[in-house]
């Protein structure tokens, strides 16, 4: 247990060391929220004000998740390219575990700087009216969403064993997230077909599903979301372990 | 003339460097094309909710999107390294540039091209042509837009340089230049959707409105040809302003060495 | 005259303590009243410890740093305002920074430099061929730089810096981290460049002395020595001999060298041997002791720095 705390601490220190980067991120996310605010205001003129408020608070929440979630694929890529991965593989703690706890530490700092502002904006839009059960549901699904996204990034990262850099694959991922995860565009407004498709695929369960619970909390939806999240987390974990083993064995680690 | 030749050489070298990324390069290309298509799809979804946004139809909004993307793609394809100025200074690499008999900003900007903006460039050009046909804009308007984009991309270059200078003077905010990406997001929509205060800022302070919204309104809608000169003029003016700032900054760098 | 400085001064502001809203600074002089002249064809070694002001001086010569006092002229003009004009006549190799494109073969960077310095195509080809032959670099110039060893990369850096046949070649710690073989081949290469003015900075006096006829030593920003390397070679710097032996030393030998010490790892060390006695000491050791390992060292730079400091104090 102790090494986990240590890894979290390392992550926190990393975050604090890049405090300027965090302030920039805050700034950046505020600009992007401004754009979305005015866009949806223009779109939803004539509709009841409640809908606009709900949409914006949903988008703020999505933005928060996007910022908090780790960019593990880049970490893996860096380590493979520099050859440092050899050092990590020698440690008695599993490679993925090291990455997970370190990124949690980093996310804690991100939450402290950006999360508080985003949450305040969110609550302010909702006039600070939110049920305790909703908070609980959002919290639980958000944590699972974090794990799910982490596994997704890990899988993506293993590609670095095969390509020179994963920049391209990463762009690909963002493109898919854009339409299937609901982190930029509210899932509510998806056409019926896409809504259906997205509900089966894993991507929505690291973003949109959390937002849907925040908008319309219900225990049945909550249980459904949690079960699907758990299913994908386990599936991805098994897949990652399989792929990672093969990659490490079959690929000569690039030396410096 | 000399700089044109140099530009060609840089381009040759940079394209050769791109080839190193082979598989990844094609992934990125495909990724960017898909991302754009999905962006457009998302825009389409919005028009499932309402028929018009502030009087703009789907096709008109697509035109704004295409113009902004084209200008930004040109920026990314050719000027992207301007985002890395502060890195050059932090690791001392600016010195290797200053010892060469060529304008330092020119060298900096040309040292690298983006791996994955080429997909953007292709999509933006195609989209511009398709949308212009849909809107029944005559062919010369498309040509004018391409011409104007060469200049509006300078706005992004200016913003990137500005971001770096502010970052360096503020001793830290190293990623500030990345806000250029956020400004691009702002430029994708007509000025009409923003509040009047923001509209003023985007016209007269950070000239984001000049990237797509103003050219679209003045040329595609109102056919006021004088803007064919005014818009490039405004872009060049903004860039010269930033360039002067860059020179002041360079002087400071030379006097303090940091 | 290639370079002329008079009472050149450069001050830096260093953060002493960073508080929440303001920082306290400490001013220190990186270069203090340096006056020197470097003539056409001089091979000058600029030697000093880390932080002695070598790089600062170089930067002022290149015109990328503004002096705070005194004057400096490179090629007879103010380097700051004529930076780009002067740059066409200067080639620079930074040991710790690369001008080569990481993901491409070195030859592509050369081609880029050909355009930057406007070298005609035929001259360029001849020059690259010649330089590559001199440095034995021909076969790896077409490999991507990231696949090269450090030694190969440095050789490529030298060629890149010489593409435009500069009058002045500035080498800022170019041999850092290189193996002996590469160092030797670079030294030989530099010895052949007799028509160029060279400024070679390093913290290794002996290495610089192989290439340069004139040695400048900087210490804490001050020019403390300006002498020919021949004179320096004759300078009597005490030598330290360290050796190991499986056998015990005989008593009379121990008596003969009263200042001999046995180190913690069991080896013996005789310090402060004068040059005239060195030969005798060495022959005695090799004749009378079955030596397993022997090392002869004279740290001239450290000795000089200590020595010169004392002189200053006396003045």
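Order of writing sets the labels: A, B and C. Residues in every chain begin at 1.
Definition applied: a residue touches a chain if its C-beta (ideal position, glycine included) is under 8 Å from a C-beta of that chain, and two chains touch if they have at least 3 such contacts.
Chains and their UniProt names: A = Antibiotic ABC transporter permease.
What you are looking at is a predicted structure, and each value in this text was computed from that prediction instead of being measured.
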Chain C and chain B - chains in contact with each: none
Most centrally placed chain - per-chain CA mean versus overall CA mean: B
Leading the contact tally is the pair A-B
Indicate the whole-number Å distance between the mean C-alpha point of chain B and the mean C-alpha point of chain C. 45
Go ahead and note the Å separation of the Cα centroids belonging to chain A and chain B. 28
Rounded to the nearest Å, the gap between Cα centres of chain A and chain C is 51
For chain B, write out the residues touching at least two other chains, lowest number first. 20
Which residues, counting only chain B, touch chain A once they are in their complex? 20-32, 34-35, 38-39, 41-42, 45-46, 48-50, 53-54, 115-116, 172-176, 178-179, 181-183, 185-186, 189, 192-195, 198
Per the touch rule, the chain C residues reaching chain B in their complex are 10, 12-13, 56, 59, 62-66, 80, 83-85, 87-88, 90, 92, 94, 96-99, 101, 103-104, 108-109, 111-112, 115-118, 144
Taking the touch rule as given, give the residues of chain B at its contact with chain C in the complex, in rising order. 2, 5-6, 9-10, 13, 16-17, 20, 91-93, 95-96, 98-103, 107, 251, 254-257
Contact set on chain A toward chain B in their complex: 20-21, 23-25, 27-28, 31-32, 34-35, 38-39, 41-44, 46, 163-172, 174-176, 178-179, 184-185, 189-191
